[in-house]
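These are the structures, in structure tokens.
Look for chain A in each of the two complexes below; its partner is chain B in the first and chain C in the second.
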Partner chain A sequence: MLEALYRTARALPLGRAPASDPACSGVQITPAGAEARFALRIRDAGASAAGLPLDGPINSVRGDDRRWIARLGPDEWLIGSDEAEADQLPAAIAADLGERAHAIVDVSHRNVGIDVSGPLAAAVLNAGCPLDLGDAAFPAGSATRTLFGKAEIVLIRHDGATPRYRVECWRSFATYVHGLLAEASLGVGETARR
Partner chain B sequence: MAQPFRLSRGGRIDRSRPVRFTFNGRTVEGFHGDSVASALLANGIHLVGRSFKYHRPRGILSHGPDEPSALLSVDRGPGRIDPNNRASVVEARDGLKTLSQNHWPSLEHDIGAVNDLLSPVFVAGFYYKTFMWPRKFWDKVYEPFIRAAAGLGKAPSVPDPDRYANRHAHCDVLVVGAGPAGLSAALAAARTGKRVILADEGPEPGGALLHDVTAEIDGRPAAEWLSATLAELDSRETVILLPRTTAFGYYNHNHVALAERITDHLPNPGTAPRERLWQVRAEQVVLAGGSHERPLVFADNDRPGILLAESVRVFINRYGVAPGRRIVFATSGASAYAAALDAKAAGLHVTLVDLRTESECGPELARLKATGAEVLTGHTVIGAKGTKRVTGLIVAPVDRAGRCGARRLLPCDCVGMSGGWTPAVHLFSQSRGKLAYDETIDAFRPGTSVQAERSAGASRGTYDLAGCLQEGFAAGAAAARSEERRNFTASPTLTGFRPVRAMPTDVDPGKVRAFVDFQNDVTAKDITLAVREGFHSIEHVKRYTTTGMATDQGKTSNMNALGIVAGQLDKTLPGVGTTTFRPPYTPVTFGALVGPARHALFDPIRTTPIHEWAEEHGALFENVALWRRAWYFPKSGEDLHEAVARECEAVRKGVGIFDASTLGKIEVVGPDAAEFMNRIYINPWLKLDVGRCRYGLMLKEDGYILDDGVVARIAPDCFHVTTTTGGAPRVLAHMEDYLQTEWPDLRVFLTSTTEQWAVIALQGPKAREVIAPLVDGIDLSPEAFPHMAMRQGTICGVPTRLFRVSFTGELGFEINVPSDHARAVWEAVWKAGQAHGITPYGTETMHVLRAEKGYIIIGQETDGTVTPDDVGLSGMIAKAKKDFVGKRSLARPDVVASGRKQLVGLVTDDPKVVLDEGAQIVDDPGQPIPMRMLGHVTSSYWSPNCGRSIAMALVADGRARQGRSLHVTTPEGFARVTVVDPVFFDPKGERIHA
Partner chain C sequence: MLLIACPYCGNRPETEFRCGGQAHIARPADPGALSDAQWAEYLFIRDNPRGIHAERWNHVHGCGRWFNARRDTVSDRFLATYKMGETPQSQESNSILSTSTQAEARA
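Entry: the complex of A and B
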């Protein structure tokens, strides 16, 4: 019964949360669909594994929306991919890493993704994230572990003409993170100057 | 006629946009651009409040944030009432309701004014002196009385309906204050293309330029320079200009907090947040917060109608309001002449009284005299006439020795006083910069900076316009690392004053009420009395007299108070020192500080994938760390006791289902994983077979128990660690700490999988039968899958790590499945269990069942001072291990000494008595008090399966007391108990292997 649905029948915690722009502020807040994610840890990483670059600088992300790898520390990466790739990807990475000591842990269900985009997206994120999200400090291609309010998140900035961010948090924090994003987008463009 | 004191022209108000608000129920008309203070003055209303201590009539002293007297309660609608708003900074708008404070029955007739007559009683330190004896009066009489009398205004009584926002921001240059210096600094910094934030507390940037109608900058009117500058700043995308925004706190690393008031001035704010807290991290800060004018200290200087001289000028020039028709300016310096000149130009009757002699004055004297105004140099102010409004000023010639000549009464309806200026060094001081006393300006100015910050303009004691512009530009350029400098030409500013503390008088200064701190009602004689009584430190004087301790933080009063203390002690001002300034610069709403962190967003509420199911099935929840866990599942009419009794029995006799998803989980992976486990835990791990589980106990370095949990070996180089719910973050941090700092050579990686795996605990004799039809790829037979084993397969087609473990003492499984599939699996198990009477149970039943078996809970049986031996688990320690975290500490003398508290079971003589957790235990209740406490109850429950109460306790030498009687405190007295082994149910542990 469930077998056929496995992989496609994931009950996402924000499954029922409304998508897009709750505040009509021009900032789209969209819970991501079911995706696969892996925590990769290795000390002598080399250049790449399974086509994923491992030589990018710390706090950078490479790849595209369907398959990305974010370097969060000297020996730590967070990998995102389509759910369809989930079964093959860890084995492919492991095969490329060979004898080098490493850990690939499936965290697909631990992590929840929320996409935040729009001209004022950074201001919405800065309601809870203390980092400098300006173009110079956090350009497209940046990724970091940080805080959003009282929740730990991984923040990724994708390429795009309008700012596009991915917020990754742990499953049980998703309601809080999504709620705070929605609250922050309410009146984000309002200022005392009128 | 409405607004009888509105001047026929002038001001930055918009006369085409009238506004109406109420003051004490009376409609007040003003114009867009008015402050509440200016609109009140336009209508001739000066009496706006009663003072804090003496209930003296008070008016409007100032036009800005330093206002100490005109404190109003402002009502912006239901739930939106704030006390103690300064009338000078609240913008007038339609629909506002304002109320005066601190009087009964009315502002005009206030019973509390009797305090003013009794003032000889209420001297400095009155409370300390009066309420000392008798001691027993304190709790019932004195404290309630003082509390009732204390405080100003009424605190809101309903929840704040407004929204508040928070924003972190980074910039290269933060400029505080948009007066000439700040604007000039922002301009210089902005031209480099760097990111600039310019914040100003007023509704309109410009500072003093907004009321200086005659000044010119670079040959054109100042107003033109102002609009050109604002236009240039606006045209730059890298500049954020924040009006109505107060920089109130300067913290470490150039972290400056700003409060932006977004909607208070709008009649229809919509859904916009009321305020936004900006937390700015600036590379460089330019402080250009201006300066505060000092009042003159003379008898009855607090009468309504007596304003600061510059404030009179502001009301005339910026708001087009005459604070009076017949104005006397009293001063010891030049700046009041500018106000007098403008008042004269507005057609008002002007007299000026200057403490300085003619020879001390500058060009201002001739300029004012040329207008025909009377100027009395070398005169002091003896006192003011009038009670609810000033009616006259008594002045007299005075020589430098302070001898006064013949008095003269100057009739008037308004006084503009000026005792000189004090740079606003608050933020500089908050930044931990050291203040330096500058005799030439009789003030403390910013000395050495501690952070990346510089002051410019009046806030560092530069008062002339050209100097402010030049200094501001230089500061802005330097902050932006630019070499650009600019010279400004501007009309000369009238500056300079003779420092004066209390004005010379011909009466006994100990008899007059000359106010220094208007908000806290501190007079000059209070301060001299404090010094006479031995309070010589300015910090002591401040606390004894409360001068400078009101919400205005002594903006107008500090220098006068300091000066009086210095004079009394015959010391210099720097010899007395100054008190330090603390945040906030001006009061900040709680809402701004709290921001969106309220209700559901106060704290993350962590819930499991099973949470909604539990809600749907009537669960009540309890908080465990940030998690919300199902506590018990009452059926209709059941209380906790009944529900738990039913759930407990169901598990022992049939099968129960429990959501254990909150357990912490850590994937420990790497070639050295087993070695790492061996060092972190007290028990051995090297020989644990793949597919087997072990209960692990870990200590801190001090030898005390940190956490526990079942661990499964998934592969030779992979362990699935579980921790307690609340302990998960600290255990991961503890492990990472050792891995990174002590054992960097170990090739091990830790990944939190707490939320990857949801855990469905199925416990009870029927557990195997329930899951058997759902599980594939795992032989569930007891021989193939014994207690403390782990198998991987699928359940309902979902991959699972199936643990055969038990925290209940029954046959049990913990089904680990990826979280997003947990609810579906749970429901499948639930459905399959119906035939076996499956019962959902919560944490309370879990606690009872484990207590029946004597299993400890971290944080209940342990409290950070408990060793493995204390809880009877020393057998777990691997003797052969060379080392593990905490091993050495277990050999400490006090750890191996006898008499330590040990875990035991307690059964009460009366089986129905359930002891209180935390209750103290004694040997003989007849012993004299203080009794010797032997320990305390750690867990206590009614056990349905034992048919009686059970308890666990930590008792000194507990194991040696087996079978003996002890006594436990109860609310009624003592209960007699017998010490037993802490395993109350199935002591042989046979059921678990079923």
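Entry: the complex of A and C
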């Protein structure tokens, strides 16, 4: 399929940048590989579509690291999956939703993911994001659209003992967001205290 | 940073929001019957009160929803936020609602 070929040829704006921990503070900043993502809009969604739950509360994420669905608003979801699944997923969702009016848009090329993990990850993110990222306000399983510096991002907190965040930004912001994360990580931990 | 309570997302930083101007301006039922001056008033003339003001806000860098808010323009304090189509809870709001159109407010 043309789409499949097109995906294979996709260039990642951050390249194959290795995981980095510039300040040795335990905060790992890792550009994610190519993944498929879809924006789903539907009013009065049912319980699920293609095995993805649609009934979660606003600003929550369901699923695992490989296949997740984040509810960003009352009628808006962002779906992430493996590229291998990308060609089948829209058809599977459309089949489950049947006659109900909806829009599912492939935004794989628009979004770039950056994983930020470590005990001080929230402090790094708070350098550019004014959200309260404490455990009470933003526990594991939370996901929301917000701002990081001047860029709009989708921030997802995956399950895990140590905080693991996924920052999803638009590709033209990727170098800015990645650079700002790296810069911010210099300001936390032992290095900053010296 | 000022926190604004989005009716969908809860308290969020103000930089995620955009203000959409005065709220509760009803479109005239029969625009053809209005004079140019009345139509211009509906389109362009807005209240600029010193005190409580009903405004539309958009959580643009969040859930993307529009909602209404009652804000004190002196203290910049948000007294209430409520979804589109809902009526505000408190007493003072009734006076805001009853003057929902410019024409009524000026009558």
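Basically, the second predicted complex is superposed on the first by the 177 of 194 C-alpha atoms of A that agree within 3 Å, B and C clash if a C-alpha of one lies under 4 Å from a C-alpha of the other, contacts with A are read in each partner's own complex, and residues count from 1 in each chain.
Keep in mind that, in the parts below, a contact is a pair of C-beta atoms (placed from the backbone, for glycine too) under 8 Å apart; a residue touches a chain by one contact, two chains touch by 3 or more.
All values reported here derive from a predicted model rather than from experimental measurement.
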Which holds for A:H102: it touches chain B only (first), chain C only (second), both, or neither?
first
Counting only touches as set out at the top, which of chain B and chain C does A:A34 meet: first, second, both, neither?
first
Once chain A of both complexes is superposed, is A:G128 in touch with chain B (first), chain C (second), both, or neither?
first
Applying the document's definition of touching, compare chain B and chain C: which contacts more of chain A?
B
Taking the superposition on A as described, I'd like to know which of chain B and chain C A:I58 touches: first, second, both or neither.
second
Contacts for A:L186 in the overlay, against chain B (first) and chain C (second): which applies, first, second, both or neither?
first
Who does A:L72 touch here: chain B (first), chain C (second), both, or neither?
second
Shared chain A footprint, chain B vs chain C, residue numbers 130-132
Which bits of chain A are touching chain B when the two form their complex?
1-6, 9-13, 23, 34, 39, 41-43, 75, 101-103, 105-110, 123, 126-132, 134, 137, 149-151, 170-173, 175-177, 179-180, 183-184, 186-188, 190-194
Report the residues of chain A in contact with chain C in the complex, numbered from low to high.
58-59, 72-74, 76, 130-132, 144-147, 152
Touch list for chain B against partner chain A, complex
163, 165-170, 195, 241-245, 260-263, 266, 271-273, 276, 279, 281, 595-597, 600-601, 603-609, 626-627, 667, 669-671, 747, 749, 751-757, 794, 796-798, 818-825, 828
In their shared complex, chain A is touched by residues of chain C numbered 1, 8-9, 11-13, 15-16, 61-65
